[in-house]
Each structure stands twice: as structure tokens, then as C-alpha cells.
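Next come two complexes built around chain A: one with chain B, the other with chain C.
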Partner chain A sequence: MIPMALAISAIIFFASRLSPIDPLNSLISPDAAADATNLAILKERLGFNDPIFVQYFNWLIEIFRGNFGYSIQSGQPISEILALRMPATLELVLAALIISTTLSLLIGLVAGANRGGLTDKFSRVLAAIGISVPDFFIGLALLNIFAYRVSLLPTGQRISPGQVTFIDRLPHLILPVATLSIAMLAVLIRYTRNSVLDTINRDFVKTARSKGLPEWKVMWSHVFRNSLGPVMVLIAFRLPLLVGGAVLVEAVFQWPGIGKTIVEAVTVSDYPVIMVVSLLIAVAILFASFLVDIVKSILDPRVRLGATIE
Partner chain B sequence: MKGNLKKVGVVIAAFALAITSLTTPATADATTLTFAETQQGGVGIKQVGPPWFNSGSLTQMVLFRGLFKANPNMTTVKPDLASSYKVSKDGKTVTIKMKSGLKWSDGKAITVDDVIWSINSALRVTRINANYSNAFKLIDGASAVTASNKVNMSGLTAKGDEITIKLGAPQPLLIPILAQFMILPKHVLEDEDLLRLDTSKYWLNPVGSGPFKVETLSPDNFITLVQNANYEGPKAKITKINVVASSALLADARSGKLDYFITQDADTIRGMRSVNTFKSFQTSGAPFHRYWVFNLSNADNPLKNVKAREALKYGIDWTNIVKAAYPHGKVINSGVPSGLPFHLKSIPKYKFNVAKAKALLKEANFDSSKTVRLRHYHAGPADLVFMSAVAQQMQELGMKVELTRFVGDATTELYTNKNYDIALKGLSTFDVSEWFSEYSNSNFDKILGTQSKFAELNAELATAVKLKQRAAALRELQELEQETLLKLPTYLLPAYVYVSKRISGTPTKYGPQLYLYENNFLNWVLS
Partner chain C sequence: MTEKVPSTARLLVRNFAGNLTGMFGLLVIFLIITSAIFAEEISGYNPNLMDGMSTSLSPSTDHLMGTDQLGRDVFSRVLYGGRNSILIGITASFLGNLIGTVLGAIAGYLGGKIDTVLIRISELFMTFPQLVLVLIFVTIMGQGVNNVIIIFALTGWMTTLRLVRSEFLSLREEAFVEADRAFGFSKKRIIFRHLLPNTMSPIVVAFTINIAIYIIAEAGLSFLGLGVPVTTPTWGNLLSAAQAPVVVEQYWWLWVFPAVAIIAFVTGVNFVGDGLRDVLDPRQRTNAKNKTFAATLREKLFGSRKQTIE
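Showing the complex of A and B:
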């Protein structure tokens, strides 16, 4: 995992520096007729004139020391930006993860157990919509209806003037969470349903039934528990969202989280922020896949970490 | 089945009720004004915008003050932090007397030291509007001030409550520029790293001199401003201001979530025509030019011949294209647009005439096998419509055109990379002299080559004290501009101010978007 993270850090750094955008010049619009005399001094001070390999190693050393550097756009330490925006992303993604996971497991399990039934039909329609319609479109549609036309919910942001408590600002959370949940729900429902259908036809289920176990016990102890393994893997792969945020959904709802930070940083070529956030997301993905391996090994005795095939 | 449906219905109804009770429909508060700050790139509100780079927002108008205050037309100024001023007969000495008893919002006294610190510091920061730095560089001893020393300019001194500014040559724009330049508190900022002043924590809760101060700043969300008890003037009728970032001005205005905003966006301006709860005003004063610049440093530029550049003036239907892309745009044929003082009426109107354009191209021996690289950096939908239409008409003139947006940042692309033949550029000028000064500045030298005649005339314009001298310099500059066609002025893009009809006492004239001016805010009343 560590060599992989180092390789990713090098790719992120050099790819950012290969861009034709000068991070300091990009802050000064020619429309404003700015005087750029002191830019050169600042460039020198920020180390932009050092050889690129020196810049890379300096950056990496500082990252290991826990100093993520400063945003060119706002001048804020990046650790402060992350501290400010991470809770917003956690709030949004956790809420969406909990809602979508709970609902999709429920719907998926019931749909799988009652194949061809009303819930199954409903789940298939919902999954088809969720998979085929992009989340930003769902977001825009919800925004258009509930915020612009009906004026029932806010058009964006996480908080409005005068709102103090979590309950006060809950209306801000409803539309982005709903959008993200619909998008997450679709895949998970389908996956859970298929997993149940797959398990239900296994020999051990037939054996359980033939032993005369009540149907609810067969479903609960044998079908559901065994179906959840692959589903858990899918959920684990969503954990990096907690760090990276949902870029498009955050952008649509002006939600001040990590996803929006990425969009803003890219817009103004704020390299230090782009690099740190990208690195964090990459590390989160690596960690998630590591976690998936562990979960798999726990759920499936045939998979063992570090085992060799003879 | 029926029972289940009933249960589902009850759950849905309860959920809807819960949402309705949580939501707060837009209500108009009789003492709180809500206005939107439009930020570049959709970036949310992170801090109060430093007024030394881009100014003109309502937040800056109510938080900070300068020595003087301009009228909305930018033609006259009246004292603000200053009580009076005097310019010597030779125009080289300006004496400014400060008002006494003024206080910053933290209760400390506003003194001449703050003014002297602010003007010197303006030459030490990284992001500064060239209007200020260009003007202050003309003060005696300004060249000694650098970002790495603490030397102050010798031509800026104070005695008691009087400030004296000594200039090498008369500078007629100094007072209007001082009316835009906001004085900042020395006691709060003197230990800051001035190279990074615009990103200081100071902007999260700035100590100011205006009638309002920051109460709450929720980064990325909003700013709440309340009355500054230390402001010496009359209290505003509005007691609280909410500054919000809006990504959908039109929708927010329609739903009553905003009271005031300013925009240049063509779609919003079109849409606001049907919103009858708002009054709209076109901004006046300093123009915002959009124009073409030619990269003549490229030996292969197919438009090196001035006749070929003139062909573009005739061969493109500017009137209809501008009208289609920007409903509020105005086609111009000079750096001093018609309607402004000193506009030269003898300049051709360049009526759309394809035959004439083709004849001019023939006269210029235009090489139609070469590709004209057309670039732009403004990326709004209207800008894309405009550039595509222009490129189409250039092709109809027999030109090969490659139209793309700049890949890198505009400053590097325009003056360092220079991979273009024509670029669309914008410039928000305080005075038309700034438009002409581009011809002889160090950046334009890189693409146009040294323009000594322009430099000579610009020097004459900068020191023209009498109207007659100014008129003569501007006439010659406009004639030279038409002769050389190094920049093609294409259109002006005014902004529109939208004010909710629930506000009374608002002015009937609003100044330009990026400038500070008297807007009578203290007398605005909300209903």
C-alpha cells in the first residue's frame, strides 16, 4: 500500500506541474489590470522557482510532517480547509450512506425473497432510474422543483444566516442527501437483490428447507446473512466518498464540502489543494480496498490474506 | 392491502409535515437586507473581499471608506475620511486635511498614519489594482518602496491632521483614485506579511471605518453585517445585512430570497425582465471594454497588415452578433466610446460590408492558406456564442479559423505563451487613459512591440491638467488607434443592478460594478 501511495503522490505532483497554468498568474485576471510586480518575489518565496524534483521532495517531506501547505487561492493552511470542509462532507455522505444502505438492503432483501412481487417490480424500476439518470440531473430536478418552484427548501449551501443548531439547518441537507441516496440506492438494491437470488438457489438453503426449518429462519439465518457478504464489499468501496465527497452533488447544491473544494481548486488552479485532496482520496481508496480484502477474508474462509497457492 | 396503503399514506404525510415544519420559507424582514455576492468561478463566500484589488461590492461599500467618495457617474468626489483638499497651482502638491474624531470599528482612532501606511503598503502587496499602484508610483520617492523593505515614500508626509502628497508631475486622476482607495487600519495590519495581505485572517472579521461591521462570517455560507457603533455619521435605517452567495440569481430573486444584486450575466439580465418585484438600473461611469488584441510578435500572424485588421471591422456583423450574445452590450469603435466625453466623431462606424472587407483583405495580400488562431478566456455561455458567431463570419470572409479557449491562465497565455493571433480580452477601466496606457505597458510590448508614439501621447495625457490639453491628447490617441488598429474595441459590457421594490430611498443611478461610490445606503428603507 505504501509504495502504491508514493507512486500516486508522484503522479499527482508531476501531473499538476505539467499543466500550462501558472498558479500565481491565474489569480490575477487581466480584466482587472493588476500590477504583477511583486508576484515574482512571492513566487520565489513559495518555492515555485526551485527545480521540480526538489519541489516534489519538499512537498512530500512536509506532507509526512503533517504540514499540507497553504492554499494559493485563500492563503489558508490546507489542514484548516480540510478541517472546515470535512465535517460538511462527512455529514452529507454519512447521511446518504446510512439512508441508502438501510433502504436498499431492506428493499433488495424483500425484492429478492419475493421475486416477481410488487416490491421486486418497484425495486427494478427504482434501480433502473437510479442507474440510468446521472446524479447531477436528479439533483437539478429536485432543486428545480423543491427549491425554485415550490420554494420549500433552500437552493444551496449548508447553512443560512440565523441558523444555529443542526435542526435549524436540516432543510439544507434534505435535497443533497436525497440526490446522493437515490444514486447510491440503485446499484445497491440491484446488487442485494441479485445476491439474495443467487443465495436462495444454493444447496445449503435447499438443505435447510429440507430439514424442516421455518421459512423465516431459512431466510434470516441462511439466505440474508450469506447474501450480505458481497454487498458489504460494495459498501466498503463507498467509504472513500467520506474523504472525497460527492463532487457533482456538492457542486450542484453549493455544499461546502471536499467535493466542492476540488471543483473550486481546479477552477482557480490551486495546486497545493488539488494535490493534497487528490492524495487523500487515493489513500482512502487504497485503504478501502485493503479493508475489503480483510472483510472478504472474514466472510469467506476460502480467502486468506498472505496465503499461497500450492 | 388497503390497510398497508393507509399506513404508507400516514408515513408519507408525517414526513411531508416534518419537512414543511423544518423549512423556512423566504420571508421579507423589515430591517434586514439580503444581497448576493457573485464570485468568480462560483466560489462561495470565504472572506470579505480585499478592496485593494477588486472593489465595488456592497459589503466593501459599507465596511470601508476612503479619503473621498465619488458620485455614481465617477465625475466628482466629495470628502469622506478627509474634510477638505487643496491642489497647488502647478498641480504637483496635494494637501489633504483629515476629519477629526473618526474611529475604527474597534474603537481606535483613525489617523493620518493609517493613510500613510495604506498608500505605502499598496506598493508592497501582491494583488493590487493597477489604478492604485500606477497612481502611487508617481508620488516622490515611491521607487524606494519595495516589498522587502520598510522605507516609506518621501513625497508622502503628515503634520497634525494634514497629509501632503508631492508629485513629480501633475496627476489629475489622483483625487478620483483616492476616492476608490480604501484606507485600512495600520494598528491591525502593520505586522502582516504584505505579500499575502489578501489572504490574511483579517478579512474574516475586518476592522473597518464604514457604517457597518462584520457580526458573523460563516465561511462558504454567508456574512452577517450589523451597524458599527463607532461610525460617526447618522445610523442606517437598515440594521442588518445578510451577504449570501447565490448560484442562481434569477431563481433566488424570483422566490424573494434576495433584495439586491449586480450582474453582467446575459441570461440573468434576460430573465430578470420578467421579474416585476425588482427595479433594474444599468451601471454608469467607468466603462468595461471587451476588445481584440493582436499578437504581432508572431511573424506568421496572417493579420500583420493593418488593412487585414480593418477588414475584420467591416466583415463581421458586430451589431447583430453583440445584440444576440449580450442583450445589454454596446458596440464600440473607439477606446473612448460614443457617449463619453472626448469621443472622436470622425471615427468610421464600420458598417457591416462584406464586399469592402474582402477588398481590404485583397489589398492586404491576405494569405488565406494560413490559419488564424482565435482565442478567448471568458467562458460564459454568451461569450461562447459571441466567439463562435465571429469565427463563423471570419470563415465566410475566406479565412481559416481555429477557435479555442486558452488552456492556461489568461495572463501567462496572453503575454508569455502567446500561442494565438487574436485574443478577446476585457478591461475594466477607471478612466479612458488606462485603455490607452495598455499600448505602451510592458505586457503589451511583448505582443505589439514598443509603441513609442503611444507612450509619448500617454505621457501627455497623464500630465494634462487643463481640459484643452486632455482633449487634444485623447484626439491624437484615438486617431493613432484607428491608424494602427493594434487593438479592436468591440463592445462595452455594462452591469445591471437589481433592487427589490420593497426597498425605498435607493438612488436612480448606480456606478460601475468594480468601483465604490455614494449610493445613499444609509437612507435605504425596507418595507
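Showing the complex of A and C:
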């Protein structure tokens, strides 16, 4: 995990130096840039003349010390930007993760257990939609219907002027969370359903049934539990969204989260911000895959270390 | 043995013709591509012609999909946008698959260090969510049709690499490869003339499915204003009109119709992809000829009760 993170940090750093745009140009006024000696002094002082490896290690050391650098665009420290934007993303993604996970586990289980039933059909339609409808279009449609046609909910942003409490903010959350949840639901339901179907045909389920266990107990403690593994893996790989934000959904709802920060930074080629955010995302993903291994070992007794027989 | 045995290619065509959802998908794709080619003849308007007298008109018999704020005909722009979006999807998918296939073939056949390195690199790329990776590349390379294609290809070759590699790993132990080696054929010849044709099926399926993925990705990227420049109409660019709240609120035809075009095309492509998988993958080859279209469609959407595991 750590060598991988270092490799990624190196790639992010060197890739940023590959770009045709000189980061120095956006740091100083055109007048100052016209003066060659000024430019040279600045270059020296900012360390652009050091060998590139030295620059890389300096950057990495600063990151470890918690100094993420400054945004070229606004001059703000990046840590400050993150502190400002992170809560919005956490709020949005966490809510969507909880809702989509709960719903998809429930629907997926019912769909898988009653194959060909109404829930199963519904889940299939939902999956078909999930594959071919862009998620931001779902957001636009919800926005048009619930915020404009029926003025039930706010049209975007996280807070309306004059509102402070969480209850005030709650209506703002509904549409973005719904959009993100629907987008995530489609794949998750299908995955859960297939995982349940896969488990239902296993020998140990037949054994459990022939023992005379009631059906709900077979379902709950044998089928459901054993089909959770692959689903958990999928969910764990959604966790990095908590750090990276949902780029498109945040754009549709003007949600001031990390996803919007990325888009703003890319629009104006704000390197330091892009570098730090993508590094954070990468680390989050590596951490998630580490988490997957742990969760797997908890759910699957065969992987569990030092397991005792219950 | 005097009976004439049809060639594999002809068999495949015949099988695909019997796959009704696949054929339905093909029909949808064909219709959309043809109307995109004859965009001007069909819509009767020049997509870039601004008409100050008829701005922001809702759909009518004159303008089937209405007009935008500059008085341009939306139907004609959707058709024109289709040209670019489809072109981007197909080219990017082709290039990405080409990279993945060549690298996968090398990794799978040669194995050893090269294999390890290639797999590591693909893992590195797969660490990032695709959109974030694309955005990082956009910062480095800038926008534009060609850049979008190259960026998509550079960020989308990893699954094909893994696919081709695993096929090669199992194929290279086969008797006919052993015979090739005994004949003293060069590695290049064995890889490209003998092994590759045998891995074509999954590659073709991946190529098809990727077209759908890239078209949705282009829509997202251009919606953010970071993909193709607005001067070139694409489905994503048309959708980006919905970045303005007033468009979401009042001019629904500006974003609903491009989205419908995307959804229709992507669904068609996915149907074809599924059909190709059924036909090309011998393990799943079933006799679909005797089913009615409705039955096949129902099965695609809701699943058949007879299958045990998907």
C-alpha cells in the first residue's frame, strides 16, 4: 500500500511538470514576467531551478508535514479549501452511501430470493436504466420536477441565505442525495441479486434447508450473510467518493464539495489543488482496498485468522 | 460428410440475426447513425444557423425539438452532435482496446517481468476513478476533440489488457501453440497470427461496451465544460446548456432531447454488446431462434426463470 502511494505521488508530481503551461506564469503579474531578471530570481527562490527529484522530495515532505501548498487561483492554503469543502462532500456522499447500501441490500435480497418476482423485475429495469442513463441527467430531471415545477425543494447550493441549522439545510440535501443514491443503486442491486442467486444454489444452503430450518432463517443466516462478501467489496470501493466527491452530481446541484473543487481547479489549471486532491483520492482508494481485505476476513470464516469454532 | 459446413463467420452472423435484442440494438444504432449522417437533409436546418426571430422556441412542427437561445434548431444540433459523440466513442474505444490488446498479448504470452510491470501499471491507472483520471489528463493535455479521444484511450485500456492477458495465459498452454513453437514460428507470429484470433470474441464485446461507456463519459466531461470545445456540437456539449438554471427550469427541450439521444444510442450499443457476447461466447451460446422478439426482450429486461446462474 505504501509503495503504491509513493509511486502515485511521483506520477502525479511528474505529470504536473509535463504540462505545457508553466505554473510560474500564473503566479506573477504579466508586468513582472516581462522582466527576465525578476523571473529568474523568482524561479530560484521558488525552487524551480532545483533538480526535479529534489523538487519532488521537497513537495512530498511538505505534504507529510501537513503543508499542502497554496492554490494558484485564489492564493488560499489548500488545507483551508479542503477544510471548507470536505464537510459538504462528506454529508452528501455519506448519506447517499447509507441510503443506497441499505436499499440495495434489501431489494437485492428480495429480488434474488424471489427470482422472477415483482421486485426482481423492478430491479432489472432499474439496472437497465442505471447503465444507460447518465447520472447527471437524473439530477437535472429531479431538479426540473421537484425544484422548479413543484417548488418543493431548493434548486441547489448547500445553504440558503439566513439559514444556519442542520434542519434548515436538510431540504438542500434531498435532491443531490437522491440523485447519487439512484446512480449507485442500479449497480449495487444487480450485484447483490446476483450474489444472492449465486449463494442460494450452494450446497450448504441445501443442507440448511434439509435440516428443516425455517426459510427466513436459511435466508438470513446462510444466504444473506454469505452473499454479503462480494457486495461489501463493491461498497468499500465507493468509500473513496467520501474524499473525491461526486463530480457530476455536485456540478448539477452547485454543491460546494470536493468534486466541484476539482472541476474548478481543472478549469483554471490550478495545479497544486489538483495534485493534492488526486493524491488524497489515491490514498483513500488504497486504504479502501486494504479495508476490503479486512472486511472479507470478517465475513468469510475461511479467511479469518485464528478463528474459533462456534 | 458431403454436407456443406458453413463457415464460422457465417454461423456467427446467422446466430446474431437470431438474437433479437441484439438485432433491435443494431437497428437503433443504425437509425441514429444514418440520421446523424444525413443530419441536414432530415432536420432541414443548418445546426449553426442562428435565427434571431425564433429563439428559445418550444418543440413544434417547424422545429421538432425546439430552438436554443440563439435560435438554432435543436433537432439538427442533436443529429450533428451525434456525429461527433459517436465518432469519439468509436475511435476512443478502438484505440483504447488496441492499446489494451497489444499490451495484454505481450504480458500474457511473455509473462515474467514484463507481465509484472504491465499489471502494476494497469493497477496504478485503475486506482483512480475514471472521471478523476480523465480530468487530470485534461489539465495536462488541454481540451479538444482529438485530446478527448486520446485521453479516453489512455485511461480506458486496463480492462482489455487484463481480459486479453488472462485469455493468453490459458491459451499459451494449448497444444496448437506448442505445435507452433515446435515449428519454430517467431513469437510475433504466434502472438498475432495464432493466439490473437482466438481471443477476438471478448475483445469485440469489450469494444462494443466501451463505446457506450465513452459516449456517457464524453457527455459528463463536456457537461462540465471540460471536454470538447462548445464550438463543436456533441451530445455532451448540448447538455451543458443545462448548467444554466434558467435552462433547467424553462427550456427543458434543450437538455432532454440530447439525453434521450444518448440513452437510446447507449441502450442500443449495450443490447448489441450483450447479443455479441451470447453469440461469440460458446459457453453461453443458446438457441434463441425460436423465441419471439417480445419474449427475448422480456428475458433481457427481467431475466428468464430457467437459467440457474448468470
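Basically, the second predicted complex is superposed on the first by the 267 of 310 C-alpha atoms of A that agree within 3 Å, B and C clash if a C-alpha of one lies under 4 Å from a C-alpha of the other, contacts with A are read in each partner's own complex, and residues count from 1 in each chain.
Heads up, the rule we're going with is that a contact is a pair of C-beta atoms (placed from the backbone, for glycine too) under 8 Å apart; a residue touches a chain by one contact, two chains touch by 3 or more.
Quick caveat: nothing in here was measured; it's all calculated off a predicted structure.
J.: In the overlay, answer first, second, both or neither for which of chain B and chain C A:Y56 touches.
T.: neither
J.: Identify the partner contact of A:G116: answer first if only chain B is touched, second if only chain C is, both if each is, neither if none is.
T.: Only chain C is touched by A:G116; chain B is not.
J.: Does the superposition put A:T267 against chain B (first), chain C (second), both, or neither?
T.: After superposition on chain A, A:T267 lies in contact with both partners, chain B and chain C.
J.: Just to be sure I read the superposition right, which of the two partners does A:F287 touch: chain B = first, chain C = second, or both, or neither?
T.: In the superposition, A:F287 contacts neither chain B nor chain C.
J.: Could you tell me if A:P240 is touching chain B, chain C, both of them or neither one (first, second, both, neither)?
T.: Second partner only, chain C.
J.: Once the shared chain is lined up, is A:G156 touching chain B (first), chain C (second), both, or neither of them?
T.: both
J.: Going by the contact rule set out at the top, does A:L39 touch chain B (first), chain C (second), both, or neither?
T.: In the superposition, A:L39 contacts chain B only.
J.: So, A:F48: does it touch chain B (first), chain C (second), both, or neither?
T.: A:F48 sits against neither chain B nor chain C.
J.: For chain A, give the residues common to its interface with chain B and its interface with chain C.
T.: Looking at chain A, the two contact sets intersect at 19-20, 148, 155-156, 251, 263, 267, 269.
J.: Could you list, by residue number, the parts of chain B that touch chain A in their complex?
T.: 19-20, 22-26, 34, 40-44, 46-47, 53-54, 124-131, 133-134, 147-148, 195-196, 198-200, 216, 218-222, 224, 242, 244-248, 251-252, 254-257, 377, 407-414, 416-417, 425-429, 434, 438, 514
J.: Which stretch or stretches of chain C touch chain A in the complex?
T.: By the definition above, chain C touches chain A via 123-124, 127-129, 131-132, 135-136, 138-142, 212, 216, 219-220, 223-226, 239, 242-243, 245, 248-249, 252, 255-256, 259, 262-263, 266-267, 270, 301-303, 305, 308-310.
J.: What part of chain A is in contact with chain C in the complex they form?
T.: Residue list for chain A touching chain C: 4, 7-8, 11-12, 15-16, 18-20, 115-116, 120-121, 124-125, 128, 131-134, 136-137, 140-141, 143-144, 148, 155-156, 194, 197-198, 201, 240-241, 244, 247-248, 251-252, 262-263, 265-267, 269, 271, 274, 278, 281-282, 285-286.
J.: Applying the document's contact rule, which stretches of chain A touch chain B when the two form their complex?
T.: Chain A reaches chain B through residues 19-22, 24-39, 41-42, 45, 71, 73-76, 84-85, 88, 147-148, 151-162, 167, 170-171, 174, 251, 254, 256, 260, 263-264, 267-269.
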